[in-house]
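Labels run A, B, C, D, E and F following the written order; every chain starts at residue 1.
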Amino acid sequence: MTEINKLNSQDEFVGFYLLKELELKQTNNTPPKDYFDIVLCDASGQISAKYWDVSPTDKETFFPMGLVKIQGIVQTYRERLQVKIIRIRKTLPEDGVTLTDFIRSAPIRPVDLIHTINQAVKDINDPEIRTLVEYCVDKVGEKLMHYPAAKTHHHAYYAGLAYHIVRMLEIGDFLCKQRPFLNADLIRAGIILHDIAKPEEMIAQLGIVSEYSVQGKLLGHLAMASNWITEAAIHSGIDMQSSRVLALQHIVLSHHNLGEWGSPVQPQIAEAVALHYIDSLDAKLQMVEDALDTMPVSEEWTPFIRGLENKAIYKIKL
Amino acid sequence: MTEINKLNSQDEFVGFYLLKELELKQTNNTPPKDYFDIVLCDASGQISAKYWDVSPTDKETFFPMGLVKIQGIVQTYRERLQVKIIRIRKTLPEDGVTLTDFIRSAPIRPVDLIHTINQAVKDINDPEIRTLVEYCVDKVGEKLMHYPAAKTHHHAYYAGLAYHIVRMLEIGDFLCKQRPFLNADLIRAGIILHDIAKPEEMIAQLGIVSEYSVQGKLLGHLAMASNWITEAAIHSGIDMQSSRVLALQHIVLSHHNLGEWGSPVQPQIAEAVALHYIDSLDAKLQMVEDALDTMPVSEEWTPFIRGLENKAIYKIKL
Amino acid sequence: MTEINKLNSQDEFVGFYLLKELELKQTNNTPPKDYFDIVLCDASGQISAKYWDVSPTDKETFFPMGLVKIQGIVQTYRERLQVKIIRIRKTLPEDGVTLTDFIRSAPIRPVDLIHTINQAVKDINDPEIRTLVEYCVDKVGEKLMHYPAAKTHHHAYYAGLAYHIVRMLEIGDFLCKQRPFLNADLIRAGIILHDIAKPEEMIAQLGIVSEYSVQGKLLGHLAMASNWITEAAIHSGIDMQSSRVLALQHIVLSHHNLGEWGSPVQPQIAEAVALHYIDSLDAKLQMVEDALDTMPVSEEWTPFIRGLENKAIYKIKL
Amino acid sequence: MTEINKLNSQDEFVGFYLLKELELKQTNNTPPKDYFDIVLCDASGQISAKYWDVSPTDKETFFPMGLVKIQGIVQTYRERLQVKIIRIRKTLPEDGVTLTDFIRSAPIRPVDLIHTINQAVKDINDPEIRTLVEYCVDKVGEKLMHYPAAKTHHHAYYAGLAYHIVRMLEIGDFLCKQRPFLNADLIRAGIILHDIAKPEEMIAQLGIVSEYSVQGKLLGHLAMASNWITEAAIHSGIDMQSSRVLALQHIVLSHHNLGEWGSPVQPQIAEAVALHYIDSLDAKLQMVEDALDTMPVSEEWTPFIRGLENKAIYKIKL
Amino acid sequence: MTEINKLNSQDEFVGFYLLKELELKQTNNTPPKDYFDIVLCDASGQISAKYWDVSPTDKETFFPMGLVKIQGIVQTYRERLQVKIIRIRKTLPEDGVTLTDFIRSAPIRPVDLIHTINQAVKDINDPEIRTLVEYCVDKVGEKLMHYPAAKTHHHAYYAGLAYHIVRMLEIGDFLCKQRPFLNADLIRAGIILHDIAKPEEMIAQLGIVSEYSVQGKLLGHLAMASNWITEAAIHSGIDMQSSRVLALQHIVLSHHNLGEWGSPVQPQIAEAVALHYIDSLDAKLQMVEDALDTMPVSEEWTPFIRGLENKAIYKIKL
Amino acid sequence: MTEINKLNSQDEFVGFYLLKELELKQTNNTPPKDYFDIVLCDASGQISAKYWDVSPTDKETFFPMGLVKIQGIVQTYRERLQVKIIRIRKTLPEDGVTLTDFIRSAPIRPVDLIHTINQAVKDINDPEIRTLVEYCVDKVGEKLMHYPAAKTHHHAYYAGLAYHIVRMLEIGDFLCKQRPFLNADLIRAGIILHDIAKPEEMIAQLGIVSEYSVQGKLLGHLAMASNWITEAAIHSGIDMQSSRVLALQHIVLSHHNLGEWGSPVQPQIAEAVALHYIDSLDAKLQMVEDALDTMPVSEEWTPFIRGLENKAIYKIKL
């Protein structure tokens, strides 16, 4: 079965794919005819597709996030590849395919990511800080297992948020060893909390964000996380004036660094500065790695990456 | 007794003033001599002053925020007026002067301002919103009676914050009548809460801000007020997911309108838009009025006003 | 008859509408066929429509800004509603429909708006200022009766400009009472004159701006109004060096506040500052109100509003 | 007699200079003593000076813009040269020195500059354009003979404005020959009119701007010149809707190119684009030439030049 | 034969044109049909075209940059003209048409442009500077004969780069005469070298840039030219620390003036300032001239020009 | 002996210090008297000082970068500490003090830093890359042993540049292990080369930059390093078109990320992105660490740090 990022123009193929998006449209013919405008995906990437002969039954059968078997042919439309679907059916149990095999996912198993995060929480020595972090991790609950870290910006896939946290924890540990003036408890706590409200800021399924929640739009994940820390302190009987509460709220609120990037205050303690730059380093490098991973093998340049000054990355060969 | 904004070059005068700032310095003479570098103020304005013959006793006698009787002469230094102090002594009970007569203050009595604010709280029909507002007003306590609204930007005087709120409530009432689509409860609540954490963000005495608090620098009054609303909800048994909690937190967080002005989110409900523009209108007009009020009568242009594109205002005569 | 903002997908309907835009296009079929690409509107909103079976007679019959009777069916195309027109004919006298019932219009009758503006002119006490304002109001003539205040930004409908002026006059009156240091004559005059050249800057019909005039593009309504005041002074025998001429020209030229928003000078008299913030307050609140008024009832968010940091407004339910 | 830009540290000298600025100040001694804080200038540059032994008669004798004979010694203060004045007296008729020999001036005689400008007016073929230009040139009157082009930015010396115009006329003539699509009448007229209101925008004496006029601050020379063209048209019986009036007002209003540089509209006819870039080229090159001319011979770098991205210019030796 | 910029809607015509772009696409019909989406051009402009009846032979026959004879009809699609091709064939020798007649080209013959540039090189008096310039001109070789100066920004046609250099040399000569403080050798050398690496930065054919080279994207023509000067110095035995090498590298690196426009350093010698403003003047005026030349005769406004603040230019008639 | 950062107001002390800056000035007395305006430093920090009784011999004796023994008293001037020097003499051999003990220096010995860098060069596997790096390291020579990394921004002390490189190499090694898609040779080479031209861009002594070199101002260290790589390739017989030359020049030129920060191109290969963010992370964290290290023990906030959004850092106590 051909993976999507291996398809070339004129290829005829049969395979299983996920209907990531599906819309019923009509041609300009007289009389107009119904057709499906589709986005297919698998773990390797995604491609747009058209199905021109939609029957009334088809309209009741096919919906987004369903697995299908497809016979198709690859064509070029406006310099981009597009599939013309010849035959399509829903998958059957005997096909032996699993939904989660068709979505992009972090390269480490979610259960292992969560294990690492939980271990990092336990490694926080200061009991007050640990308590506050535990409360917030509990509050977000199992969503941490599968949420992406963003809609499209970076780590936009299944368990992307947990993967982002784990990679940052590795960098944080390294830096705390290299620079002992940093408080390792605050670094760990800051890394775990900085995006902890994202699963409530965005609405996602299978690692794909469909939209932002009302609360997400009106408050944003920075202020939401700050509110959660207030809630955690009250529920845990920790003084709201505690320097630990203050430090964690400051780290969370300042982690976008600048007002125009959404932070109402700028980093003003050492660990807040560190957190912002660890976050940038991990996010930017992951954007590069993901863009290189999912580009067609034949290309030399990735698409433009908004988070990298809207530049494309060149796959240099030495 | 001559008010400070009436002093002219070469005037000799005697009067009571407040030592707003006082610093002990030394001349470049050999041997160097001690002198005081002073800022005098009264309700009409302020002026810098020098006292060249400081005795050891003087050093133990004079401190900022003390009332003094002064005999002096007005000189010009770098195109600005400056007082050369000839004699100085602390005020005595029999002088019959009161500290609060020497500071700039809102033109309405603090007790009346607080009364108006309390009445506005009572006028909020929605019980949940009223409860949340009451909690925050109680939390800030008697500081609301005398705090300024800012360090220098606008309403920077005794009871300036309460005065700002009261004037905005008047504008808010007018607009709610003019445009009934606005929710009057949210407008009133937003006006009262938008700067409610300023007395904890800044450290002030007699309406003069000396500096920002640590919490003020690390969180800012927007996020602080959002945290207070969380606290108010928990303590009042109001669901944190309530649309009223969400609306109030949104109004508070968005009231600076833009990220570069400190808001992590932009106004996205009608009342948040209204609040920002009511706040601007009141603050900017007050800057103009205060600058015109405190400028020397002989001048045609006020000093440059940072909040008005750093422009001076011309006192036009028609 | 169904209003446009009440139409839902799959609705079949018959009704009278205005052809706001109409373009003859051709399908990609072989041979290609003619069709109409149409925008229909009524006072409640607008919707795009297609008419696939265009006859040669139709091409001579239907033109923009004509009233038509339509039988159609609502479909979804690219997530937006679109009408497929089944039958179309021009309206007849016996249909008893009037063009002006189908366009968006200020909520107050134009004749009443003009009356209010004229009254405000009369209320200007200073005869020189009153004369200058009268000259400019006369110069713009009856266009003030029906012109919108902008192409799309705010008050973009029939009599929108007069409505904007009237609302601002109400706010201006309130503020002059609240803050007596403002000169009420200058505030009234500034409100009436600030956009007075817009009807010459833009070309509009029925409250809909089709484009900017050559003079509008090359000079802009700020410099045009300044030139008009020069003309008014010369024709009325008023000294061009008069402080009243200067003040009015300054208010008009500075009312966009910043260079990047089109003002060659920044507000530097109290009334110019006031005018800019009254203008902002009215324009921004009207954008919100209009967006909420014209959005489909089923939606929770308005479209993005360029004048409000390109944010959508949420219809919060308390 | 030593020119100011030839003075070196420790030089003792006697010579005639102009008192460009003079302020009476007092030392910190007890009792304080009066001294003069002075800026001396001649045609080669300027230098600050102190006169420590001011007598009561001196206070009545010396004022800015007076010529004096000075005996002094050059010292270094904060890495800059400064004169300690030993003796000072006003010049006498028998000294045979003339005020105008001591001020910086354009390198061409004012009378010749004016002649060239008048000739260029005559060379305008279109009678309507010529009439409008003549009116404005007449209106500014003899001030064109000696006004500088700016306070400090460029051509800030006696007859600097006329010199700027003449040099631009030379460039304009060259470009109209190189690119015949440009209308030479509009180019000439635009060059003469673009800064024509500057002598009313600024208050200057002997080529030195002391401040901006009230009208200059409230309207700016762009809108003022636009108003003048309106006035010129009315007084000359030219239709205000004439394309010539429109073109000249557009060129004047757009010549700063961007809103943030003070233009309410951007250049939108060929000659307006040309004018802006001719103006830039002449102003920037003159800044460089003047900075190189007036720097001390021993230096390699000029001071920072605000109009050149605040960079210093290096005197490269090949 | 009709030139492209003379075509009007509904015209039927026969003529020779260049296939500037050609893409094979498919209609939405069932079954879909192949068609060509084409851009035709001649020296007067370009127009999009469709050819709906593509045969298998056609697919092997027609490719971009081929000359064709076309019978077509002009239609309107989305307010823009578009050709429906009725018949198409490749040109034959007996048609007597030449490829270069169909592309836009500088108004002076390339061979004459090159001659002028070579003469300017010879006119450089300083042997070291002349040697460095010669090396770089030799390095770019015959590409200087035909390369455009940019992809779309300015001088985007055959020999556009050489034409840009020649016009700048004329302006440079004029200015060096007007202002003798400028070093004429550096001005000439700077003009010739400033864009000398563009032919390696971009990939062009017949004056049309298809894309940027990898080296062009990763280094840019400023740093590339600086590297070439290093290479020139080493190969010519010139000391890399020479002030001439430094001056030329500085001029080249600073000629975009600002960091955000791509210059790592700002102009800091007189000739670098001059070069930047000569470059601007020539480029901006050429944008205007080219836009006016290629617009349809019936239009009053050119398209928006990105390099001129994205404004359109109005063809004013006096 | 008291370290400078331990001095308190009113302390009287005797000790050895370095004269970092010394300027001869004159008092305003009549007659004026000579005095020294001095900056003293040791490894712990710096402080300003005055010496009021300068003798003619003193003027010949004391110069910057000389070691002195001082008896002084600490005073407060404008809220900052300042030393009044009572006695001063040059150090003698028998004092047993060494210049290098009095300057701030990297916390690792220069010889060890150089060893680490040399080892990293050897660890580059690709021979072409290694050769290019070796050439540039050789070219900068022994200056790498002691140069600071910047004038004031970060690592502004003895061997600061080498220390910056070594720390970045540690981070680079960690990241290459964490993310194997990065090319470790390019990361190492990029880290060593990115600031390699700084010792030629700046003029420094004992880790203190006095000014930028002419070449540094006119070219900048990015373009200089790019030129050096060109030179390295030519001298080593490596093809200038080699992808390795291109990659290294790209990494060096793009490492400031944005045009406004001095990069003519933006990072467009994975290793260039990585290098920029490693550089930021190390520089920003070092700014924080150095600011915390050198602040007076009694303070809670560091001075404002320009490289950190001009914010001060708070020394939080948990």
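Methods note: contacts are C-beta pairs under 8 Å (C-beta built on N, C-alpha and C of every residue); 3 or more make two chains touch, one makes a residue touch a chain.
Keep in mind that this is a model prediction, so the values were computed, not measured.
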For subunit B and subunit E, the touch-path distance in steps comes out at 2
So which chains count as neighbours of both subunit D and subunit E? C, F
A student comparing C-D to A-E should find more C-beta pairs in contact for C-D
Which chain has its C-alpha centroid farthest away from the centroid of subunit A? D
Centroid from C-alpha atoms only, then distance subunit C to subunit E, rounded to Å. What do you get? 43
Taking the mean of the CA coordinates per chain, how far is subunit A from subunit F in Å? 40
Expected list for subunit B, residues touching two or more other chains, is 28-29, 214, 217-218, 246-247, 258, 268-269, 314
Which pairs of chains touch one another in this structure? A-B, A-C, A-E, A-F, B-C, B-D, B-F, C-D, C-E, D-E, D-F, E-F
Going by the contact rule set out above, which residues of subunit B touch subunit A in the complex? 214-215, 217-220, 222-223, 226-227, 230-231, 234-235, 240-241, 246-247, 249-250, 253, 258-265, 268-269
In their complex, what parts of subunit B are in touch with subunit D? 27-29, 33, 35, 52-53, 75-79, 84, 300, 314
In the complex, the residues of subunit F that touch subunit D are 23-26, 28-30, 32, 214, 217-218
Residue ranges of subunit B touching subunit C (in the complex, touch as defined): 126, 129, 167, 170-171, 174-175, 178-179, 181-183, 185-186, 243-244, 246-247, 257-258, 266-270, 273-274, 277-278, 280-281, 284-285, 288-289, 292, 308-309, 311-314, 316-318
